[in-house]
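Below are two complexes that have chain A in common, paired first with chain B and then with chain C.
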Partner chain A sequence: MIRPGRLGLGGVVIAGALALSGAGLLRGHAGASPARAQGLPPARLPAPPPSGVMGFVVENFVPTIVPGMDSCPHGTAPRLREEYLRTLTADEAARLRRKENEKELTNLWHAYAFGAGGTNICSQPDRFQHALFPPVESKFAYGLDLDGDASGGGGKDGCAHGKFVSPDGLSGIDNQEYRAMGCELELRGNDGSGGDSLTGMKQFHTSGEWTQVILLKNVHSLVKDDDVEVIYANTADRPEIDNKGNFLRGLSFTVADKGARHRNVLKGHIRDGVLTTDPADIRLAETWGQGGARDIRGNRTQYHYLKGRLRLAFEPDGSLRGLVGGYRPLFDVIVSTSLGGAGSALVAGIDCSAQLAGLRKYADGARDPRTGQCTAISSAMRIEAVPAFINDLPTSTETALK
Partner chain B sequence: MAFDLSRRTALTGFLKGSAITVGVPLLDVFLDGNGTAMAATGAAPPVRFGTWFWGLGVNPNRWFPSAAGADYELKPELAPIKDFQKKINILGNFNVLLDGAPNLPHISGGAAVRTGIALTADRGLPGESFDVTIGDRIGTRTRFRSLEVSAIGDARNSLSGRGGGNLNSSEATPAGLYTRVFGAGFQDPNSASFTPDPVTMARRSVLSAVTEQRHALDAAVGAADKQKLDQYYTAIRQLENQLDVELTKPEPLKACVVPHKVSADLPVNGEIETVMLNHQLMTDLLVMALACDQTRVFNMMFNNGASSLTRIGSTVTHHQLTHEEVLDNKLGYQPQATYFLTRIMEAWVSFVKALDSVKEGDRTLLDNTLVIAHSETEFAKFHTIDNIPIMTAGSGGGRVRTGLYVDGQGTPVSRVGLTMQQAMGVSVDRWGTKSMETNKALTEILV
Partner chain C sequence: MTRSGLLPRGLVALGAGAVLVAALSAHGAAGAGGDVASTAARFAGPRITGLRRLTEAQYRNTIADIFGPDIRVAGRFEPIVRPVHELIASGARDSSVSPSGLEQLDAIGRGVAAQVFDDKHRALFLPCQPHDEAAPDESCARAALLPLGRYLFRRPLTDAEGNGYVAMAGAAARTAHSFDKGLELGLAAMLESPQFLYIVETAQPDPQHPGVLVLDDYSRASRLSYTLWNTTPDAALLASAASGRLHDPAVLAATAAKMVKSPRFEDGIRAFFADMLLFERFDSLSKDPIIFPYFNSEVAAAMPEQMLRTITDHLLTRDGDYRQLFLTGHTFMTRALGGLYQVPVHKDKGWEPYQFAPGADRAGLLGQAGFLAIYSQTGRSSPTLRGRAIRELLLCQPVPNPPGNVNFTAVQDVKNRAMPTARVRLAAHMTDENCAGCHRLTDPLGLSLERFDGIGGWRTTENGAVIDPAGKLDKQDFSGAEGLGKLLAASPDASQCVASRALEYVRGQPSDDADAMVESLDSHFAASGYRIRALFLDAVTQPQVWEVKEPPLGAPTHLSLLER
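Let's look at the complex of A and B:
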């Protein structure tokens, strides 16, 4: 019998997943702390398996927010209709808000999404100069210290920026993506307790479109081990979930030797129950269910973390919990909405141009030495992973690539 | 083959065999698809099959029952079906498996339900939809093999077709549906007289000649061209059958009441009240088309996948709301978008009620019909295509158990399509492609 923590042989996962429970689909975990500042005391840590191999499937991979509206004293980012109205005089906005003028308002705010030559704010977001969205103004955020520069100077190839403190006391946190976009409704929600991005992400992992696995090799101690190989990859296999929406533990997943899946090989260290990895490029699948092969929406996007790293704590129940962080190329952050084109603007009311402008303003990584402009932004996602059998079938030693 | 057909010759040839207004010999048209006699003889009436589609799914936590089996829980968004719960099945946890194909928003889900195939490009249906397959089984002896209807008024709003990217276009207005079914060519089955239409007779005769020609063409082309011609020939055969029906005096049908003509001046647009009204009118016409045995297969589209429903006077669409409106964290759903779902369920119940109100012997038209209702997504905001909401109504003449919630436990949605076909007598034991290929019908509901 194969047990969690060992390589499964020929494991086949039943392709299917039970329905997301209402709570699982519609509620987020905004209030959950993504990582402890300190690891567990040694006595509470589980023992590593004799084989030194531990496998996990990522159950949650969601944006980090510190809940509450006090982070956004100027409110959440407006939808495009409201954003357009804010460009008008108060009297004109009031006139257009009247029910009898709805059609006129619709025509006007739709037009606000388009520019010369058939351009629109999501397909060509850099062609528009719309007002920035309100940023997060709190000093608290979850994330990682990516540049090691406590002064906020940005280090040798970054840009100056404000540092955050995590709610559990870690200082020097870099998460400028959160600063730029953390007041958007998709992250904050209408009451500050978390938005759709936090609740919708799980579906993509459940469906097998994005499913991620983590495989640890050469683990000899959860107290101190400086030579752990970490495979962080996508799998085409679908997890199964229970009737509460939780992933079932101990199932088999294969990191296939073919197909457009990412396989990142990282070097890890364990200290007192906390796994960290050295900075490296990390690429993960991000298929937003956008369109077919004959149009641009059929392009697959990705989570690409420059100088990416993991910080994951081993939990007494055998799970892993923590963060993945790194610098994301600016356009990657909005690529899914951008690929949605005018539909993103007109149907979902998203202003990609305002998003991109904010990302540029707060960018803090991958400084272009020629222009001095940073081309990437610090970011973090919360990870929760449960034990699984991981069949790792790489074609070569190629890392971080398809 | 040299071929010279004059209209006169054709008429003469055909009329030699059947140019009489009485005493038409008993044809297969008097029999249903399984060879049992029709209602007028005192035996069971024909079995019908249909689909009812709505766009943009449900709020899953407010719609799906919590536990499988009979007497299933009616959550808020499913509550409207209460009066018909015993005749409706709920099917949950059946998944669309993409095998790496993209999830085309609002398109992949519906196509997969109907064909058992994951779309790879946005070009109609990738294969034959099961309603068409079923129509070939039970719908060949009616005037129309099937009727496609769009209550939102879009002729392109369809999920029915033989594949290859083609779709059967929908009737988009109540007046159009009336004219098609009860206009020229309609023979009241309860009328004392019957006169074959000479135009129809001529068309039938011309087709007979074409049949000879196509045999010659068959012999002259290669395998690839034969395949291309197959859809065309199928359409020809369908037309032949329909013309045969029109040239035969129909059996009297007690339940058939020819409806009054529908005004052509009714508005057709996406406003919810307009769509509700047109849906009701089209439902009434469709029900009579079934009761008058003009068709035994139908496809009703209440709205489109990316629903363009609006409230009266509003420019904000249902689709827009599902994406733009923020989930209310206290309620757990989007109240404005959910308004449309409430109306959609109301329309579904009215459809079921209309079928159930027509008596056919000891049963109702609903009892003699199997209707599958489904959406194209589970939860529209995220375009999820696992656990697409599906219902069936009616027992298909006693072939399907009802009043159950069936939990698919994550198995392929193609199991549902396979089950529909088997219930309707299609000889198929395996259906779907790749991960959605299945031979596991829903034994829970098959009698």
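Let's look at the complex of A and C:
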């Protein structure tokens, strides 16, 4: 049934892309924060479109970091070679560091990546007991208050953990994934401005392999509205980009049930230009580049956010900026490097075993009542979405929330 | 060429191929020029009175119709040069083929011939089995080549032609030890012949009007077919020509009426408007991707197609009033175009109908991205180019070319905040009286379209300044594309212009000397409610359209190998 506020078009609900884009094709970001602590003042908020339908294509979906090296006073997590050397006596480590012993050192630290029965630290990270990396030591992080427990006790089905404060002043932030992984070189980069994970995610996203779209229905006010339907989904349609890599606005995308795509139906609320959604399972397609089934880069996995939710602010230029957060199953966090197997360890020097151990230590969600251990970890990704026309095919509901 | 009575130069070059120019006179000995009456009196049989080179689209359509759509036509065609203020259809009469163009046509023809007689298609075109696959077989070659020749030359082959191509196939079969290779060469020679590459128009004395030459039946069949369907005459049309019935005005009218009702008339209308609106500009359309990120190869390909779909949908599918073409909100979209127009598109592939909302100012053709893009510069819009296109193409009012020493500095300085809009910049440019005369004709029209950028994207400001879409057509003020569309729809010049172009398209020569015919056509066009089918039906059934006012071609300067 087509409710008031929807634009029914032959069984298809299509979102008016530019309904809010009073600034037309203008680009730009209102500050560095991925999510506003406060929404825009009502005077600066545009009126919602008469149809009540708004569409967006997600332009950026990247891990959040608070830039700088203050969070990681010990530097970034060591590469596997350095980790191995730390297991040795100082004299032996010094001997192996000498140039003439480089080959011997290489053989040894490569061997450190393997275990009995041909296992390796990335394909079977749970079979190894390597030292944890230093966590993020700052109290600042971006994210959402997922458990509503300001004490850090973890709520009824979580585990005790430290709370962060967001740089723009929101307290009670849960982002233990950031705590565990925030000093990884891939995330933080050499100078703290962000590593390959950030640029790589942008490239993956731009490739259109798993384009995300957001469709808002039943929007009557951007100041106060408690009954907004939010479709957060993947589409097989690729975005078009300009010569700077920005997504073009006002293109059409279709949410279909073809392939490993997902369509999450969420209940949203709007307060003063900020949209939040009630907790729900959110699943989104995740691929690692383009490739065949035998190629790691073609592997399809998924982002799975338990008790996931969105917090997105409406921007004056018509875009949405904010976060998706929730609890991720621990292994999901390192699935990419794990799929890389020994290559991740030997080529990139990543210690998946240490990563998994860190994730286990800081896990704060989905506590197993039997073991008392938490099996998921709080997480957040930064989202930036630009206006688009979204064709929401009803048949897609078959894939929703699977 | 026909106006001068001389052979096109290219035909001499074509003579280097298998068939030489003398083949053109196969219907009889060509005579010297002279006035129509004396010419008619001097010659009793049909005479060559004109040659119209096939356009690339006509070539491709012809090959597809004769041999099937799966036969690939691979190669680059030398374009037909458009005479100033005329149609390519007129330019085709004066179009020669350069040596390199001939090489291309040779390669294309050989490619087609090879496919026709390959294992996949051979059985379709070979009605007999040769006695020996590795040797010539004259009767089988004749059975294969002559029917094809009739379709390719749009008339039966003369004995000399038939014997020549059969002999050529035999010689090649002997050399190559392959009957099929012989056929290939014979067919390739036909495809390279001026009889195929040019629509050869022949005339004969009009028995009803002594002293007047009129096109003969086969020429009528070709003209009807290439005008109305943009392709070669089909079997029925050739049969009508063979029976001599196309001379009968009633049969001609009935035949033409059937043709304009056929779905294939869409091909003719597409070709006509592509010619009238200078679609060759799309071939070299380029835009600065930094300035226009929505422009890409998909959009470039979709622009002309959108215009043609809009035209044919309005004029044929809806049988609409031509004048409403400047106002219709109906069009078609692809995903790529949807981004440019900033409108939703449901289908992820292909086209879907779209109707602009009232007040969108996307009125008819003038609001279409294709029209706006080809009459713009690479990095900016151009009120002058747009205004000139409207004057010349839609109103048939030629605008002189700019002088060679124009200072364009003010117009090109698009980032100058002191002159933020094109209106301001052009006003500065028009302080030069040398320029002002023509700009007064063009700019007041083009400025009304300034809310469309250089690729037809919508905008309301330029350099932060609000764009004023006010315009003026002669003494009438209007606003925006819709205002302009309304004035064009009401303008008698616009309907008379398309009537004039239709006549030019049919005859392959400008209508400057045919005021009475144009007025008659326009009058009938109005009476039909400005329906395009009625216009073309009227244009091809006017008796004067078939009259030949010019002297026939001179004597051939080369002999055909086939006649040696």
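Here are some notes:
In this section, the second predicted complex is superposed on the first by the 352 of 402 C-alpha atoms of A that agree within 3 Å, B and C clash if a C-alpha of one lies under 4 Å from a C-alpha of the other, contacts with A are read in each partner's own complex, and residues count from 1 in each chain.
By our rule, contacts are C-beta pairs under 8 Å (C-beta built on N, C-alpha and C of every residue); 3 or more make two chains touch, one makes a residue touch a chain.
Worth saying up front: this structure is predicted, and the values here are computed from it rather than measured.
Of the two partners chain B and chain C, it is B that touches the larger number of chain A residues. Applying the stated contact rule after C-alpha superposition, one finds that A:116 touches neither chain B nor chain C.
Contacts of A:47 after superposition: neither chain B nor chain C is touched.
Contacts of A:90 after superposition on the shared chain: neither chain B nor chain C is touched. Contacts of A:250 after superposition: chain C is touched, whereas chain B is not reached.
Residues 14-18, 236, 240 of chain A are contacted both by chain B in one complex and by chain C in the other. Contact residues on chain C toward chain A in their complex (touch as defined above): 289-290, 293-294, 296, 335-336, 338-339, 342-346, 348, 459-460. The touching residues of chain A, when paired with chain B in their complex, are 14-23, 25-27, 79, 99, 102-103, 106, 185, 189-191, 193-196, 199-200, 203-204, 206-207, 209, 236, 240, 259-260, 287, 289-295, 297-298, 346-349.
Residues of chain B touching chain A in their complex: 59-62, 64, 92-93, 95, 97-98, 100, 102-105, 119-122, 313-317, 319-320, 323-324, 326-330, 332-333, 378-379, 381-387, 409-412, 435. By the touch criterion stated above, chain A contacts chain C in their complex at residues 9-10, 12, 14-18, 24, 236-237, 240, 242-243, 248-252, 254, 389, 391.
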